[in-house]
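Next come the structures, one after another.
Same chain, two partners: chain A is paired with chain B first, then with chain C.
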Partner chain A sequence: MGRRLTLRPYVLIVPALLLTCGILYPFGLGLYYTLFDFSASKPQPDMVRLHNYETVFTQDAFWNSAWVTVLYAVGAAAAETVLGVSVALLLHRSSLVGRVLEKILILPLMIAPVIAAIMWKLMLQPSVGVVNHLLKPFGLGGVQWTDTPTGALLSSIAVDVWVYTPFVAILALAGLRSLPTSPFEAAAVDGAGWWYTFRRLTLPMLWPYVLVAVIFRFMDSLKVFDIIYALTEGGPGDSTVVLQIRAYLEAIRFQRYSFGISYTIVLWAVVYLAAMVLVKHLGRIQRKAAEAK
Partner chain B sequence: MDTHAHDRRHFLALTAGAAATPLLAACGAGFGGGDDKGGGSAADDVTGSFDWKREKGRTVKALLNKHPYTDALIADLKSFTTKTGIKVEYDVFPEDNYFDKLTVDLSSGRASYDVFMLGAYMVWQYGPPGWLEDLGPWMRNSSATGAEWDQADFFPNLLQADQWSLKDGAPLGRGGQYALPWGWETNVVAYNTEVFTKLGLKPAESFDELREIAGAVKRKAPGAGYDGMYGIAVRGSRSWATIHPGFMTMYARNGLHDFTVDGGKLKPAMNTPEAVAFTQDWAGMVKQGGPPSWTSYTWYQCSSDLGAKKAGMLFDADTAAYFQAVKGASPASGKIAFHPGPKGPDGSLATNMWIWSLGMNAKSKKKSASWLFLQWATGKEHLRRAAVTGNHIDPVRKSISQDAAYKDKMRHLPGFIETFETVVDQTKIQFTPQAQFFDATTSWAAALQEIYGGKNAKSVLNALAGDLAAKVD
Partner chain C sequence: MTTRKRLSGLLADAALILYFVFALFPIAWMVILSLKPANELFSTYFSFTPTLGSYRTVLGDSEGIPFVRFFVNSLVVSVGAVALSLLVGLPAAYASARWRFKGSENLMFTLLSFRFAPELTVIIPLFVLYQRLGLFDTYVGMIWVLQLVTLPLIVWIMRSYFADLTPELEQAALLDGYTRKQAFFKVALPLVKPGVAAVSLLAFIFAWNNFVFPLILTSNEAQTVTVGALSFLGGDRPKYNLTAAAALVSVVPPLLLALTIQRYLVRGLSFGAVKS
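Entry: the complex of A and B
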């Protein structure tokens, strides 16, 4: 009996242990491969230690991709947060229309991002796309949405925003509905205006929920691949080649496996650090919000 | 009973050991090194008289790209099974994903597919790591290959396109036969005859004329009743596929090269003054007469724009126009004619080709049965049927290109047969064979997009050449 009790904790951690191995094994293997010059043309490679990372960091292409990735992630996460919270505030004033809109709002989340990107690619097509058709009466019918570097990046962000704003809105709406009513009632009795109530009460208490959405969206946007690849393939030029696309091209298309994995490891490190900072910040915000309640 | 075997320290030691084992095994196993047999080809194992039924009862697994040529093959597979007793199982993927699927599968070292479709450029990528079976020994073995297969019937430039010595910069036509020509495409100009007649235009004989006509169609066609029509459809997406059809054909007709080879060393040549001038002119032509949203254009858009009367001309694969030109296929069908396209300054009609080939996985466990399949699929009987009853046009065999039934079928397309016969002997791979082909051409496409966007052609191409020089060194 005593022996069974001693064993139980070890037996119970087996699934977690297997899961950890399942995560660590490919990760460790990937990390190990980056120390070699493994490619299709060199299936029996030499150990090059940190040379792949050295090459990554000395390439203009890497810094361009890193910059594009940050622009994309910050742009998409910021736009989605502002729009998502705004939509949630509107839907929170419960009405029949609000409840119907709530159901419709969730639709983009049910579409695979790559399908959404293809759909938008067709809609943004300058001559036959519906967007230019709708803009025609306003004298804006000839916009080349993805033909210029800025246009391509903004169009990609717009598609991301279209797909993921509902995610932020749903989280924010859940947050709004869980807020205590008494502080708002007290504010109303005191004659506080909407903006004052929003700034001093709603936002501080809602912030932990918003920050969870921001963390998810920022992390995901740093790792974006499908939307951009389907919409622009990274073009025009290198203007939308984010780190994931660069890694894919290097590892799969050009078959420089070690080099491609080095890109993904660098991206992992960036995402990991960003996540750590944001989660730490989230903890502080949550404590503050709890105090406000 | 000793119960100490289950204490915490022992347990952790065991689990750590178990977790580390695969990692250590991976270190020890190297990088999926081969279980290759050293020495001769498996073709040498086939002896005796040739027999189609030799591998009766086997199943061959094929990976195919979604294409009208593939449709014609699949429609005829029953006759292969009847002839050989071999069953063919296949997966079909759209072109966007096809090569990634094939690359990942071959690089894994598994033999999930015995045979597959590939282009000649892929031989440069898949050949050096040893993923492709050299078909030369199979072709030379009369026990493995029937006399009716008739190697001499292939257009020689097509057979040579899949032959390579696996050395960067070495010309094609020497070394192993890493795939067999099965279907191909010449890159020519197709145009809308109705628009050309209305605007009083004739197909361009020089690049200057082509640029002029492309601009003229874009300016005048909408006023002549073709709303939204532009001049010329050419590919523009950030992909290797943008470079090889119209662009490379016109580039080669101007006597230009992608790389020069000096003492076995490759040197990028896309930044010579002549190449810079040509590239600038090409980007200018697209700007003046090309499609809106050109930077996302693949052959699908180019082809459908010609069919939808959105493009006055198409400079791409003849098949891309053919699929729109056949009766009832598109609003423009019956109004599409073919022309070899502009000549180079010295009258050159050098044309770049795309060649759909069939290859065999070097790791296949069913090589003999796979070879019978390749032999049948590239044989006269199937290819004739595919050309006459299916849409497998641009025959790789001389006999089929001269076949009366085939010519009858193609005759109603103005200029198709004449164009094919004019360029067939001058069509070959115009690129320098080398393993970094996909990187070079993808970067080249990105450079073209930047020039189209207004960047200085010389500095963009100099940067491209500098980047590629380090990679191909």
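Entry: the complex of A and C
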């Protein structure tokens, strides 16, 4: 099988390929649109070549959005990694409590992020939300969660953490369960402490698994849309206008189609580059981990 | 067991419980909010007489928001997208697992890369295109675009299921006089049936949970529950109990499915990434 060239695999793959083209076509079309000044007020557009991109890069709004996006993605991915790995380590101890709770670990991940954001929006209302109600005994009853720039960014990161920490925890737990046991037994015989074992054995061997989760989370967070849309709609001011929200506002709300698409093309390029760099790094780490085993 | 060990065990359990309170509280709170009568929403917090009024309003069309129709729409477009993806995805996954052919790796990577493309890059051109072609706010339009979510998932997961089957099984079938097609349908496919079931349910959940495609490519006729649940937040007075009830109704299918296919989810969620 497979040695002689047959047409069969191509025939089998053509339908999927056609559907894929159905998606590549609008992508190409979008790229083409960005060379024009196509908008609702200008249905007969002129060719403007790279002018849209020039405008994007010289706008303060773009750099603000880029900064917010990076803060959001780094913040969410970092928090999810630390919390997710911690939860995985705690579950790996396999107490009765852990075994019971492990079965429901997946639940937040199954709720649409936009629904999760709606839930948190209700809970974070300053005057009537339950979070401030619970904080009242501690003298913190009036926090304006999503009404201050920093608060809005932190709140949206918190929702991301709520939804996606289980994802990191599941991958880390799968990693932990696949680690060889002998190095840990040897370390225990040598009387190594918990912290030493964690830093010298667990973490280096677990890292390739965790890194996969980090890559997924970081790249997904770079293109966050639904959580921010439902929680803050980019506000207050421009404080949570991540790149996809900016693209949405420009292209759909203000109907400047070409200009909005330019934003998403820039974001696409950034995500693509980030993916390339991270996957290369992942390959190196995985090879190193394989040698160490 | 030493006292110290027992103490650290207790601390670990306490930390776990703390995390799970954070993870489960929002869901529990939505249940509470949805059961509160409208006049007790803001007055008393933990004591109230539960009522199903919010659910009756949400499911009964009385706020001018046809939530039941949104629910049915979600069902139709999610099932449609999964069915279409299976139809084209299974052969593609089988082909790429069984034959190494020119461009196969590039093609597979292209499919996976859609997982990381910003949705708005294709949505905005599609929005313009759909309006011209009459696909805007239609089932066909939604099913077509949801492929972006379901097809890569199905191809990548099923590829690893097919790769785990040894080719000798089908070769034996061929020697017995089966055609290649029969070998696929009578030998290979039945063996990966559990995988097909799991990946279909997972793809369904992802399609169901999608928000940005229906937000921009539908307006009323084909709108789904994820977008519909937001409409209860609008209007002059925020209707918290209705919003909570709508949110809960919209998470029922994914949550039920998640509980039934839990065993397969880890493989699905990482889809081949860990293997690379």
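By definition in this document, the second predicted complex is superposed on the first by the 276 of 293 C-alpha atoms of A that agree within 3 Å, B and C clash if a C-alpha of one lies under 4 Å from a C-alpha of the other, contacts with A are read in each partner's own complex, and residues count from 1 in each chain.
Simple rule for what comes next: a contact is a pair of C-beta atoms (placed from the backbone, for glycine too) under 8 Å apart; a residue touches a chain by one contact, two chains touch by 3 or more.
Everything numeric here is computed off the predicted structure, so don't read it as measured data.
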| item | value |
| --- | --- |
| Which superposed partner A:Asp238 touches (first chain B, second chain C, both, neither) | first |
| First (chain B), second (chain C), both or neither touched by A:Phe216 | second |
| Comparison of chain B and chain C by chain A residues contacted | C |
| Touching partner for A:Ala116 - first (chain B), second (chain C), both, neither | second |
| Touched partner set for A:Ser41, first chain B, second chain C, both or neither | first |
| Which superposed partner A:Asn64 touches (first chain B, second chain C, both, neither) | neither |
| Touched partner set for A:Ala174, first chain B, second chain C, both or neither | second |
| Contacts of A:Gln255 with chain B and chain C, given as first, second, both or neither | first |
| Partner chain in contact with A:Thr148 - chain B first, chain C second, else both or neither | first |
| Chain B versus chain C as contact partner of A:Ile265, first or second or both or neither | second |
| Shared chain A contacts, counted only where both chain B and chain C touch the same residue | 6, 10, 17, 29, 33, 121, 128, 252 |
| Residue numbers on chain C that touch chain A, as the complex places them | 9, 12-13, 15-17, 19-20, 22-24, 26-27, 29-30, 33, 41-42, 45, 84, 87-89, 91-92, 94-96, 98-101, 104, 107, 110-111, 113-114, 116-122, 124-129, 144-145, 147-148, 151, 155, 167, 171, 180, 205, 208-212, 215-216, 226, 229-230, 233, 240, 243-244, 247, 250-251, 254-255, 257-258, 262, 265-266, 269-270, 273-274, 276 |
| Contact footprint of chain B on chain A as seen in their complex | 3, 6-7, 10, 17, 21, 24-25, 28-29, 32-33, 36, 38, 40-41, 43-45, 121, 124-128, 142, 144-149, 152, 231-238, 249, 252-255 |
| Chain A residues touching chain C - in the complex, by the definition given at the top | 1-2, 5-6, 8-10, 12-13, 15-20, 22-23, 26-27, 29-30, 33, 83, 86-87, 90-91, 93, 95, 97-98, 101, 103-116, 118-123, 128, 130, 133, 162, 165-167, 170-171, 174, 209, 212, 215-216, 219-220, 223, 225-226, 229-230, 243-244, 247-248, 251-252, 257, 260-261, 263-265, 267-268, 271-272, 275, 282, 286 |
| Chain B to chain A touching residues, read off their complex | 3, 6, 8, 11, 15, 19, 22-23, 26-27, 30-34, 100, 103-104, 107, 125-126, 128-130, 228, 237-239, 291-296, 310, 435-436, 438-439, 442, 445-447, 449-450, 452-453, 455 |
